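A short worksheet on the structure shown next.
A, B, C and D are the chain letters, set down in written order, and residue numbers restart from 1 in every chain.
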Amino acid sequence: MTVLFAYKLGGLCLFFMGFTALILRSHPLKKIMAVNVMAAGVFLLFIAMACHGRVGVAIDPVPQAMVLTGIVVSVSVTALALVLACRIQETSGGAGSSEGEHPPQGDS
Amino acid sequence: MNSLSLTLFDCVVLVTLLGLAWQLLATPDLFKAMVLFMSFGLVMALAWVRLAAPDVALAEAALGAGLTGPLFLSALHRLRGTRKGERRQQLDSIEHRGKIEKVTQRTSGRIIYLLLRILFAGLLLTLLVHLATILLHVEYENPGLGVFVAEQQEESGVISPVTAVLLNFRGYDTLLEIMVLFVAVVAVWSLATVRFSEKSGQVSPIQQGVVRILAPLMILVAVSLIWQGTHLAGGAFQGGAVLAAAGVLMMVSELPWLRLIPSLPVRLMLVFGPLVFLGLGVSCLADGRFLEYPGELAGFLILLIELACGLSIGLTLACLFVGGRPVDDLVDRGQLEEGS
Amino acid sequence: MPTVSASFWMVLPVVLPLAGGLLCFLWRQRSLWLPLAFALVNLIVVIRLTRLLLIQGPLHYQIGGWETPLGIVLVLDGPALLMLLLTALCGAGVTCYARGYFAYRISAQKQPGRHERQERFFWPLWLMLLAALNGLFLSGDIFNIYVTLELLSISAVALAALSGKPVAQLASFRYLLASLLGSLSYLLGIFFIYRSHGVLDLGLLRAVVEPGSSMTAGLVLMSCGLLLKSAAFPLHFWLPPAHANALAPVSAILSGLVIKGSLYLLFRFWFDTFASLISPAALNVIGMLGILAVFWGGILALLQQRLKLLVAYSTVSQVGYFLIAFPLAYHDATLSVWTAFLFMILAHGCAKVAMFMAAGTMYLHSGHDRMRDLHGIRLVMPLTVFAYGMAGVNLMGLPPSGGFVGKWLLLTGAFDDGQWWWSVAIMAGGLLAAAYVFRVMSPLFQAPVGASIFDGRPTPALLEWPPLVLSLIALLLGLFAPGIMALLTANGGAVISGGLP
Amino acid sequence: MREVLDLTGIVLIVCGLPFFLSGSLGLLRFPDIFTRLHALTKADNVGLGLIVLGLICQAGSLFEALRLLMVWLLVLIASSASCHLIARSALEKNIKPWMRS
């Protein structure tokens, strides 16, 4: 039981560490990583819940399936966020960059 | 679980996890953070194994560490490639930073800023402690749905309980999740274009040679992972991820025959898995409910769905790695110039 | 339990748009008929479901035939059906409008390839979003709701970034991060709920919920996630830029439909599933946030120079009304606040979709949406301006609009249990709405300074009629009140399948 | 027989561990990228080889033993290829090998 509690505590810590970084870090890649760390924390909680640590009680496969779903979702969202961050960088560029090489952006 | 005998191992895993997470979030060096992130994923996979979740461990190793890492790396590469000033990658925060710096130049401003930070940290710590005490105090943990899964296992048509939950009991969730993957590809394609026919020509022949050996092996492993999902750990997602990794390796090595132009075959492959899943679900309506596989066919149908989805997931993840709609200069140069 | 043969209709609002999205991606020739056909069939299915509900009462559908603790159940009751109806109606309108919108821009010969590309990706994303919304309203399982929320937000973000402008992409990146944070908070909430009761089904949860620290933590975390996703007052920062910088049909979808998903869930959780955990203090906090949102959003809307930003801030303000309904619903033993909430959602949904579409048409013609320079646009597109005005009447809450019915029910609720102070905020908010709506209308009706700034082409019917029809529906919603009440109480006497707390 | 196998396995694994230890130490303490690569590949090749041999001693079946061997082989291929790539890109970036000064 204590081992499982340690894992759950670790999961909570990961969640809050990610949350802090998500708010305090300004670089988009850092923000995306922070979200991933948060997600890992939540998954750790679920998986630690799934194995009860009691003799004779089967491991609950439902949270494991939920975590699998969550991992796939977080990978796809991460990919989208990364492409979005790259696009922002490419289209807007850093401050004071050369504007000439981009086609002029039309209306909305 | 023989809970006390391996506590030292658990402690090492946990401390490593937390330390890696702290480091990767704190370091200002993006590349270092990236490397730490990948190792974080691998240690996470260890934790899953320890917590008796081999399916999740496989998925984490293949997806979390194996694919997210390259995703981040290629994004970093693109971010650095666009502008000279690596230091000025702070997209929207420059202005914000400036404001903060202006505020913190005055002592009173500095104190207020510090107080705000302390307040924020205190708030988060209180929340953390509160949630942890809830976890500690509420001794009773519900056994969950494990009992029900075990009871109905026979009817699900597969032996592995996780696969039974994923594809039979809660197949609807999985259907929607595959759609999330699909939408991610559509979104990525709508956002960016990538010139695919450009080749650097600088790939080491050793790399190409190794990939020529490894890629077929990986495809074999992927298929066996998908197949063994019905009775052991594994399944469409894990197999698909390995498939995607093989694709990524081949793309990185610029093997001559590999083109991912979004022509009809590629789109057909992307849609194939979700469409098969959806179609089989609807065909179950003929004499039952949505996704209610007829008893004796359940195992076969699940295998079919896993195979179809595994292929599509592999291609989907590879497309996500490419990070944009691949454009062949020869085919639609006109479109690229007009588009962004 | 109704017969299987009839209730299979319940999966169609999810399955059909999913299939539609996949097919639209596969056949990417610009074609009107495929998405339009799917939107219309969706409308027909929902109308059929309405009949089913009226005849048989609330319906349950076990997906895969598995019993509740294990399987996922779809639930169709009065509120869910109304949300489906709203989505189907607005969806059909937006689909027509979007077709006209893209056709107009492609034919403008300015970067046609870019617009064609946008349209090509718009259809699959929009149909997927439609499926996610329908799935969200029908779902009876907290984890399934998480998956639909993710599908919803990822397709919404992709749509918001579709215009390709750097501003829009930056806004949608923030939108993505905000909704990810919301989803993770929701997921953490699921953990706390699952560990204390071991079930995910809403109906079973309602039966077993009892006050306890774990459950409360779960509910608070889930609610925070949902509040963030629905842009409730202090968490609204992401909404105005994301909604104002998107393409016109996308703005309409985001503002009119997407945020309603999480708001609806919030209301449902607080007054149906987890009703026994709710304390008056929490409700008052939500209500106060609502009041702040009404004023903050309203004042900022007044200060905007751009039409679309004004409409976006008015959404922030309107979300406040939905939150004010929370403390009132607690003391209300009758159905009136549930009805008020749903009425406001319906009215605001139709009106906001119409408003954004009308604003988009003006944008198309003038190439900008600075309100100063829109003088005399009334002469060019009278129907569009009329639609905008009708939608504005709804936001102000004048009779016989649906907004009026909603606010009236809220006001009576507030006076009935002596909480008159909420009514001050409700009425002041109405005045603010009137101010910002007239602020737009007055330049539109002034004499044109120079007509040459407008695109000389006539407005296509597809751009004019959908906003008009939707705003008229919103305006006349008050007249359908008895019918809607009948739907809510269909065949069981209770608003929601399990009865009120 | 069983005991002998077990003992051999343990001895082999224990022999493998110092290689990993020294590899990690080298990674941390060596002065430049090439020497670090050298340290790492030693650990991968020999250390992992010994550990795999030790595990094979305890394998239940021939199939399992073959799979373990396969793991070693694949790691060998992958690590040598990636070592080559890292060294190559280091050379391309004009990183000079460390000289005893």
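Following the convention adopted for this analysis, a residue touches a chain if its C-beta (ideal position, glycine included) is under 8 Å from a C-beta of that chain, and two chains touch if they have at least 3 such contacts.
Nothing here was measured: the structure is a model prediction, and the numbers come from that model.
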Chain labels contacting subunit A and also subunit D: B
Mean-CA-position distance for subunit C and subunit A (Å): 27
Between subunit B and subunit A, distance of the C-alpha-averaged centres to the nearest whole Å: 10
Whole-Å separation of chain centres (CA-atom averages), subunit C against subunit D: 58
Contacts with 2+ other chains: residues of subunit B: 91-92, 131, 141, 143-145, 149, 170, 173, 177, 180, 183-184, 187, 191, 340
Where subunit C touches two or more other chains at once, by residue number: 111, 114, 143, 147, 150, 154, 157-158, 161, 164, 169-170, 194-195, 200
Category of the chain touch graph - line, ring, star, complete, other: other
Pairs of chains found to touch, sorted by chain label: A-B, A-C, B-C, B-D
Residues of subunit C touching subunit B in the complex: 4, 8, 11, 15, 18-19, 21-23, 25-26, 28, 61-66, 69-72, 111-114, 117-118, 121, 124-125, 128, 131-132, 135, 143-144, 147-148, 150-151, 154-155, 157-158, 161-162, 164, 169-170, 192, 194-200, 212-214, 217
Subunit A partner contacts - residues on subunit B that touch it in the complex: 1, 3-4, 6-7, 10-11, 14, 17-18, 21-22, 24-26, 30, 33, 37, 40, 44, 47-48, 51-53, 55-56, 59-60, 63-64, 67-68, 71-72, 75-76, 78-79, 82-83, 85, 88-94, 96-97, 120-121, 124, 127-128, 131-132, 135-136, 141, 143-147, 149-150, 161-162, 164-166, 170, 173-174, 177, 180-181, 183-184, 187-188, 191-192, 235, 237, 317, 320-321, 323-324, 337, 340
List of subunit A residues in touch with subunit B within their complex: 1-10, 12-14, 16-21, 23, 25-30, 32-34, 36-37, 40, 43-44, 47-53, 57-69, 71-73, 75-80, 82-95, 97, 103, 105
Subunit D - residues contacting subunit B, complex: 74, 77-78, 81, 84-85, 88
Touching residues (chain side subunit A, partner subunit C) in the complex: 15, 19, 22, 28, 31, 35, 38-39, 42, 45-46, 49, 62-63, 66, 69-70, 73, 76-77, 80-81, 84-85, 87-88, 91-92, 105-108
